[in-house]
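Structures for review follow.
Two complexes come next, and they have one chain in common, subunit A, joined by subunit B in the first and subunit C in the second.
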Partner chain A sequence: MSVETVEVTKALKQPHGRSRVIAGIIVGLGLFVALVFGLGSSGRAKSQFTFSPVNLSSNAPWHLGALTVNTRGWNVVLGVLIIALGTEVWVRRPRAPMLRFGLSSIIFLFALLFWACRTPGPSQIPFVNLTATLAGSVGIAMVLMYGSLSGVLCERAGVVNIAIEGQFLGGAFFGSMVVSVTNSFLYAALAGALFGALLGWLLAFLAIRYMSDQVIVGVVIVTMMASLSSYLNLQVLTPYPNFNLGNTASTTGIPLLDKIPVLGPVLFNETWFFYLAVALVALVSFGLFKTRWGLRVRAVGEHPKAAESVGINVARTRYRNVIMGGAVAGLGGVAFMATQGQFQPGYTSGLGYVALAALIFGRWKPSGAVVASILFGLSAFLANGLQSYSVPVSSEIIGMFPYIITIAVVAGLIGRVRPPAADGVPFKRS
Partner chain B sequence: MKIWNFLKRLNARGPAATAFFALILGFIIGALVIIATTAVVLNAWRHVFSSPTAIFSALKVTFDNVGAAYRAIFIGAVGSPSAYSHSITTGQGWTNTIDPLSETLTYATPLAIASIAVCIAFRTGIFNIGANGQAILGGIAGAWAGSMVHLPTALHIPFTLILGVLGGALGGLIPGVLKAYAGAHEVIVTLMLNYIIAFFLLYVTLSTALQQPGQANDISRTIDGSAVLPPIFGTGSGLRVSYGLFIAAAVVLFGWWFLNRSTLGFDFRITGANPHAARAAGINARRVIIFVFLISGGLAGLAGEVQMASTTHFVDGGFLIGSAGVGFTAITVALLGRNEPMGIVWGSLLFAALNVGGRTMQASTGIPLDLAAIIQSIVVLFVASPVLVKEIFRLHTTTEAVQLATKGWGQ
Partner chain C sequence: MKKTRVLVTRVFFVTTITGMRVELRGVTKRFGSFTANNQISLTVEPGQIHCLLGENGAGKSTLMNILFGMLHAEEGEIVIDGQAVRFADSGEAVRRGIGMVHQHFMLVPVFTVAENVVLGFEPTKSLGRVNHRAANDMIHELSSRFGLDVDPDALVENLSVGLQQRVEILKALSHDAELLILDEPTAVLTPQEIESLMAIMRSLASAGKSILFITHKLKEVQAVGDVITVIRHGEVVGSVPATTSEADLATLMVGRDVSFSVTKEVVEAGPAVLSLRDVVIRDDRGISVVNGVSLDVNGGQIMAIAGVQGNGQTELVEAIAGLRHVESGTITLGGRDITNKTPRQILDAGLGHVPEDRQRDGLVLSMSIEDNLVLNTAHFRPFAKGWSRNLPAVSSNAADLVERFDVRTTSITADVGSLSGGNQQKVIVARELSRPLTCFMAAQPTRGLDVGSIEYVHRQIVEQRNQGLGVLIVSSELDEVLSLGDRVAVMFSGQVVGVVDPQVGRETIGLMMAGAKPE
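And then the complex of A and B:
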């Protein structure tokens, strides 16, 4: 057997084994749901979903009554559904097994919620409000969309932007200050984007001109912004609370569409930060894959030498993209602040890094990043929501969920996805 | 200008001058931050617009404020000159005089250990941002071993130290295995683990037998007296610097020996310098990755254990969280020390001094401790870009190969 054949069989076999591992984990999740949340609950227990928006658009023209289901039967069905997904991964070995894994974890969390709210049961709250849950998840997903979009812009041009978390913090800080003074989220968004762009420039300046280690510079920018925002919080915001009023952006409904039951309040009655995020995703997606600019950016990220030889200015392309990416991440920080209110130190609690994982999950594509952001947003919000039910798992353990899912996804994906070839590699003109 | 020439010559030899100039830049930018956020200073400058002569008083106010802050850092970290002269002439009050030094050494002890942990990973081409989480795990394991197991001192201290190492190594094993067998990039995994471990710390101190009995807060049991790392000058002296200092010294020696003299360390360095050459030489990449994380995590765990056993004697929900995160400062120290054990000794002393002095500054001038972290990160930004420093100070550019510590996502 020649060396080449050995390598080919290896390349074919490795994903095979990994599919099996992922399939095994998914089936395990399904069995757990079916056995513990399903058969483990009493046959008389009922779970209730409600659909009315809590305080999102109180004048919805529709009213959907609560849906009451048998906890045991419903969760067994959900468990079987997850097992089916796992079996599919085992048998068919689809191209995106981690998408199935993501879906399974979401179903798992929903099953956990239904089980937690069962009556008779230990919980104070006997229902799950589906609309509110989805709306809250969209809020987190929106921030992740900004973050991973920023990652797409930078990494497609070959610069790793780990500083997203720092750009979030900076954007949120200055956004909060500007909106408190001017009472206008437009100015806040501009200020946040400007500051994010400044941090992007700093990263680009050190990474491109001085060829510093991009990951290290990124991480140091995050520590710098974490300490700087905490410093300014104590020095400026605490003595002058008028600079940190904690305004939140109001929502704008899209006529007619916002009247659709459940989906209306979730997707079509949002702040304009959300609509902007969707528009940016479409814009960047179109730009990257359908325009000359996008072709050039991708060439710079894949093979800068070849790009340079056809007359593309590698450094300028990278500068431009990293600065744009910084601006987008800064906007994300303002968007986060616009939904969460008052700035606090350590505000974004690692969402910037989760956005990076979403970027990898989405295969460095804007559209993929959206799917990933929704998955991560749902898991983060469901885990948060669980804390208000009396679940026999302590809230600290539940708090770990989103991070564990992030690790699992990243571990299950790499080797199947391919980053831009020159990602993170400084370019030296020859 | 003799000093200037001396420094320029120094720079031709090594990176020490880069670190020195980076430090100067860090303090300058730190001063700008103070100026921009202190109301008194800003008011003084506002008058300059109305009367040009006010510029002198404005400058004076500026220097007074910045000077007060930096003087407080120095006094808090090293001690005040007047106290030293008083102690030297009268022979009294030594405890108070050298207390700042003792505090700096107390802070530097776990910092140096954790920095060696980060440094060994860096030299292998692996970025262990999880050192802080691993240190927390080490502290938890040490608190468990110190409070739930009862042994005579001669056995108890080594037992808690070993458990601390094991706790940290366990925390390192997760990213190690995931990187070696699943190819997951260690930066994302260790960052996420830091958050997971912070929750785990809360869980352990709130909901397990390790919680201090009769307490509702997130606080663990206090370790036995037999597990405490005793202060060098005796328990009654009031000086906190402990025998952990010798552990740190041993770890630094170990780090030097390991990286420069041991076979495994050689494999590590080859892998870091050129993974392809390492593979061609028959070095097992997976084995290297797992061992790096075991050793780096174990040392970080030891740092957490030493921190717990020499200062607080228990862990609580805020142990090494936020600005107290020794493992995060360790990354900056390893970079400042150019990943050389001796450089790390100086770096950890310096950053320990900044942090300890920062507390005094916060108490006496009201400027938040975060300033220390700001200065540190700016210093490291410059240290990571040596060419920039050389351009700013117009130093002779020596051709210096830029070695990247980290690699892209795909491998």
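And then the complex of A and C:
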């Protein structure tokens, strides 16, 4: 008998109880879609998809006509699709049930849109523009990618960065001022990144030097930036509107690729902030998992004592990563401003926290953060879009949708995903 | 015969490889008014296995941390090959050829073996990428040179503790360590793993490496040591050859004669007081770690659960105490179903519980001794009257228990955190035994205690059993299991491999701890 053989009992499937709760919720969503949005609409009602974005239709080399479908039949199909996802979770107990829940939520929101735009119906807008919806979602997803990438950089080294929202706000504020004065988004990006890095340094300093509770420090930084940016907005931007012109960055099409129907305008005709986000994701992913730097960073986030015992400077590694993370989040703030225009108080409306949720959903991986950002970006944009249709639900309630979905998704992950072992734990040299 | 072969190879290597001679001269280390190390001197010759023997708290770890550059001595010096050295940090010690295998492994669980070994000294290719092939080659080379077989691509968290320890040794060797410090390396191993560790130690020594082996286990130093230095209360009390008898070593170590055996009268076992049937429990990650355990603890009997740590014992104890959800199966206490009842319901039903981590789960360290003594009875008469506390009753209870259980303290209102480990454990035992019980359950009851306290706790446990209580002990110390248990249940991989009489011996139980079914 060999003592060396180790038996590791690994649960290949999720526990029954939780999967069934999630499956039940998904099936419930599906039934709601099929019964209310499907069978609840009149059999003669039609919904219309359009594909040509208004601002692109003139120079787009392709033209896709509108697609008209029967609202009832189409939504029943969508409902059945969601029920199928729920059944799969019930039967197969997959490792990523929350991804299915997220997809179901997105389909749910689409079904709601189709239902809202049906003709004859109450809505002023009788169609859903698929390309515009996706393009808008990508805009939000981009900001979330910056935010969750910032989280990846910090938390992989063992520091929780809850201050992303504050770094967004700071980056957006200074970005807006700099671009208004210099008319250059390059300078704006540099200013935003610099300010984000400064806030990152503040977080790192308090968390590493004084071993303060990182969550509390993070919240303090967000609160401080929310108040400071509102104050400066009132004192500087309002009296001198020349500092807040609301320039938006122009898009650069990638030759040929931007001619692809639907995908072209969605992915290949974006501002360079978007391309930069994609490049950063690839860069950080490569750095973390392939290079010596990444190995050391992850060691510091998992077992700082072990890292120290082989001569890695834990404090320096953490400082470096949190400052880089702050810079990336600051950049995200500028990117947000570059798509949204004029700075306003409460500008980023909690996107920094959604980015944290995306970080958890993406299991602290840059690639996972992209999937999560797209999911949350879609839900946020769809819910926003709903406000222009005459849906018989108050717009404040609709505005809660993306956050409810976020909470549900993250709550379903608790205890299932494993953060870096030393995440949020101050390191004390022995 | 085996021994001769080892000796021959050693002679051969000593002539070809020059090792390192490390000397500690008059090392003194104080923490405030407490002197942890007082004028300690010892010399480790090349190719020597030098054992450092002493009780918990004798100052062994402090001394090793000084040698490894993690602490700095007030007086004395470290001399390597005749040259005095000073280490600012452990990195410098590593560069001077000192490697340490810590009691708590310095390994990143989610990394592979290769990543752990090269961490901090990574071979790279272009763009700063880690060169995994070079790392694997280096590990294969070291493995075959020293007979330390391990798969470089395995994730460390999937390895047994014994293999993880190998990874630690490989890591030290990869930094060209000439002196290896092994800090209590056998505490977490099965008897068979201990055997294989000792074989590794011998082969390292025959390759010219020096080893400083820290332990408090007498059998081990006799089995593997060349020279034994015994320290007590921070001072060297003797340097003796490995042939010294166990009794003499114990007397040196403790400072008085020690009885090793627990005397137990024969007691007729009563009916089952605690019964587990097909219990299944999951850990925090949802992985099932107890897979269908059935077990009976009878009145007047000590049931000892043996097993290497991490085979489900911790979760089993938590589930019995109501601290962890039971997925399926039933637990009955004195005929009542206590499955998934709240901890208070279970304690009130007559379970006494001494938890594994006494500082985390057994005591509120910042609260007084008297309050800790009524933690689970404070809501009853006489300690509570309606919604108010009866403080005089709490104090008199504490005065009585401190006396009866010999808790060494200046005051019953002192913070329990200010007590020594042994006295903290006595507070918990006193609290649990002062209530009417049906079954007494203790996890790792003597971990980290000195020999005197161990004797005391053992006597208390045996006394409870003599009075007809059912007793459930979980321990990873095989000696404790063998001397205390009337029956021994061995757990491996979440299952009870078998329930045997302790008379079957260490060898059989050791094999069961590694998963082998009893005959």
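The rule is short, and it goes like this: the second predicted complex is superposed on the first by the 413 of 430 C-alpha atoms of A that agree within 3 Å, B and C clash if a C-alpha of one lies under 4 Å from a C-alpha of the other, contacts with A are read in each partner's own complex, and residues count from 1 in each chain.
As a convention for this text, contacts are C-beta pairs under 8 Å (C-beta built on N, C-alpha and C of every residue); 3 or more make two chains touch, one makes a residue touch a chain.
Being a predicted model, the structure only gives us computed values, none of them experimental.
Asks: Touch test for A:Lys290: subunit B only (first), subunit C only (second), both, or neither?
Replies: In the superposed model, A:Lys290 contacts subunit C only, not subunit B.
Asks: Which holds for A:Ala307: it touches subunit B only (first), subunit C only (second), both, or neither?
Replies: It touches subunit C, and subunit B stays clear.
Asks: Could you look at A:Arg92 and tell me whether it touches subunit B, subunit C, both or neither (first, second, both, neither)?
Replies: Neither partner.
Asks: Regarding the shared-chain residue A:Arg418, is it in contact with subunit B (first), subunit C (second), both, or neither?
Replies: both
Asks: Which of the two, subunit B or subunit C, is in touch with more residues of subunit A?
Replies: Of the two chains, more subunit A residues are contacted by B.
Asks: Scan A:Gly350 for contacts with subunit B and subunit C and give back first, second, both or neither.
Replies: So A:Gly350 only meets subunit B here.
Asks: Pick one for A:Arg298: touches subunit B only (first), subunit C only (second), both, or neither.
Replies: Only subunit C is touched by A:Arg298; subunit B is not.
Asks: Mind working out whether A:Ile404 is in touch with subunit B, subunit C, both or neither, as first, second, both or neither?
Replies: first
Asks: Mind sorting out which residues of subunit A both subunit B and subunit C touch, each in its own complex?
Replies: Comparing the two interfaces on subunit A, one with subunit B and one with subunit C, the shared residues are 415, 418.
Asks: In the complex formed with subunit A, which residues of subunit B make contact?
Replies: 33, 37-38, 127, 129, 178, 182-185, 187-189, 191-193, 195-196, 199-200, 202-203, 206-207, 322-323, 328, 331-332, 335, 367-368, 370-371, 373-374, 376-378, 380-381, 384-385, 387-388, 402, 404-410
Asks: Provide the residue numbers of subunit A that touch subunit B in the complex, in ascending order.
Replies: Those residues of subunit A that touch subunit B are 18, 160, 162, 206, 209-217, 219-221, 223-224, 226-228, 230-232, 234-236, 345-346, 349-350, 353-354, 356-357, 360, 394, 396-397, 399-400, 403-404, 406-407, 410-412, 414-415, 418-419, 423-426.
Asks: Quick check on the complex: what are the subunit A residues that touch subunit C?
Replies: The contact residues of subunit A facing subunit C are 1, 3-4, 6-11, 14-15, 290-293, 295-296, 298-299, 302-303, 305-312, 415-416, 418, 421, 430.
Asks: Provide the residue numbers of subunit C that touch subunit A in the complex, in ascending order.
Replies: 70, 89-91, 94, 100, 102, 105-111, 115-116, 119-122, 124, 127-130, 149, 158-160, 162-163, 171, 190, 192-193, 196, 282, 284-289, 291, 493-494, 511, 514-516
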